[in-house]
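Below is one structure; the comments refer to it alone.
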Amino acid sequence: MTGREDAETVAALRRGDEATFAALVRRHQPAFQRIARVWVHDAGAAAEVVQDAWLAALEGLERFEERSSLRTWLYGIVVNTARAHGRAARRLVPMSALVADETGEAGPAVEAERFQPESHHWAGHWIDMPAPFPAPDRALERQELRAALEAAIAALPVLQQQVIVLCDVEGLTGEEACNILGVASTNQRVLLHRARSKVRAVLERHLTEGKQP
Amino acid sequence: MTGRQPTPNPIELVCQELVELVTEYLSGGLSPADRVRFEKHLLTCPPCTQYLAQIQSTRALAAELGPVAPSAPNGDDVDLKLADLFRRWHHKAD
Amino acid sequence: MTVAYKFLTRDATGPFSGSAWPLPTGAEPGAWIHADAGALELCGRGAHVCRPADLAYWLHDDLWEVEVDGDQITGIDCLIVRRARLVRRLDGWHKGGAAGRFGEACVAHALALVPAAAPARAYLDDATEAARYGYVAVAAFAAALSVAKATATGEGEEPAYRAERAWQSAWIARELAL
């Protein structure tokens, strides 16, 4: 959506145009639900968050300044609403602590055992070739793969999960993710790196388990 | 990035370093010199080429999840509730 | 400079950009690809092409002769140019079997330079096997690494490595009469 389209959408909402609101909901509801679920695992609580977020967006419409896109502004509201939910339930960890914990995690992208040891002339090189991810042939396999991917993402710590949802699932840029979450670019990249590395590893196990010669 | 901190080798990037740089590479964040080293390494390393393909598959699969809403309470209910919410908001605002 | 070279995938796309280069039709070169206005940059704006000395670093499925035009800057083992177009595929590389012979030549050249007892010989053994299985880029790299480690002087391995790569590029240029 361009800046002009965003402005037109906002103007139509202010006029009370129900069709515009319905279209906006259709467009963003999956993302709202997905973002809420990162912070609030209970489906019922997530639905409340989504409802509250839409209300907060409407009530905050006056304050939308078009410095960001409408989409990133909306998603920022969902994140804040979801986090406020956690605060209300006294489960909220400050953002700074989350960032420190999740960027500071020990552990490489790929376990050291996959590479030749220091003593080898090819120290640091792959021992074995990583297997290609086969495209699933059958609908059942596709479904299982999707489930494995959803589970891998859901198992991530909360900020890594949020960043991979925003950047890879929802297709936002790193910069947009930074604006939505209020984290620095370097941290966003580390979070995305950790998230992707872990998810890749889960998918690799899922796709190659039981298929080794 | 974390992971093995090898002594920087002027000749080549080593696979264990490359896997830590993949995210930067894909986001265009590597310096030109590092990007050249990265790409030169890929050309001589089928395993790293495969690893990069796995990461790209991971992104592509994640992108396919986007349009699909996670399982949620009855869709119609939600739409009606939100339509109602919108009307009430607009009337309050008038 | 108006003639340069480019290694592309079998479908004539850039190995990293994935973008397709317009193909020649009959005797006509392919359409120009051109960078828009603004400074040319390594890994940024501009078509990246090889001079003969660069070839060994960029091996891929097919080798093409390229015509270039407009301003250009020197990159790292490449040239970045404003405009470029494919002139003809150098069939000697793939169809003519030069790629396979190149792998063997890299190994043979390194065998003469790396003493049998040297630890660096391990890389050369790997290069030999890679060449045998058609992994030409791996073979060339491992051979150059072997020579670099065996012949490195006080200045370190990089100069020896680059010298061996230069020999390799020159072999390709000579073999294909570039």
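Couple of notes before you dig in:
Just so it is clear, A, B and C label the chains in written order, and each chain counts residues from 1 on its own.
To be clear about the criterion, a contact is a pair of C-beta atoms (placed from the backbone, for glycine too) under 8 Å apart; a residue touches a chain by one contact, two chains touch by 3 or more.
Owing to the predicted nature of the structure, the values given are computational and were not obtained by experimental measurement.
Here A-C and A-B are compared, and the pair linked by more C-beta contacts is A-B. Relative to the centroid of every protein C-alpha atom shown, the closest chain centre, again from C-alpha atoms, is found for B. Taking each chain's centre as the average of its CA atoms, chain B and chain C sit 31 Å apart. Taking each chain's centre as the mean of its C-alpha atoms, chain A lies 40 Å from chain C. Separation between the centroids of chain A and chain B, computed from CA atoms only, is 9 Å. Across the assembly, chain B contributes residues 45-46 that each touch 2 or more other chains.
By the touch rule above, chain C contacts chain A in their complex via residues 119, 122-123, 126. Residue ranges on chain C touching chain B, taken from their complex, read 15-16, 41-44, 57-60, 75-78, 135, 137-138, 140-142, 145, 148, 156-158, 161.
Looking at the complex, you find that chain B touches chain C at residues 10-12, 32-33, 35-36, 39-40, 42-46. Chain A meets chain B in the complex at residues 14, 16, 18, 21-22, 25, 29-31, 33-34, 37, 43-44, 46-47, 50-51, 54-55, 58-59, 105-110, 112, 115, 123-126, 128-133, 145-146, 149-150, 153, 164, 168-171, 174, 189-190, 192-193, 196-197, 199-200, 203-204. Residues of chain B touching chain A in their complex: 1-4, 6, 14-17, 19-20, 22-24, 27, 29, 45-48, 50-51, 53-55, 57-59, 61-73, 78-79, 81-83, 85-87, 89-90, 93-94.
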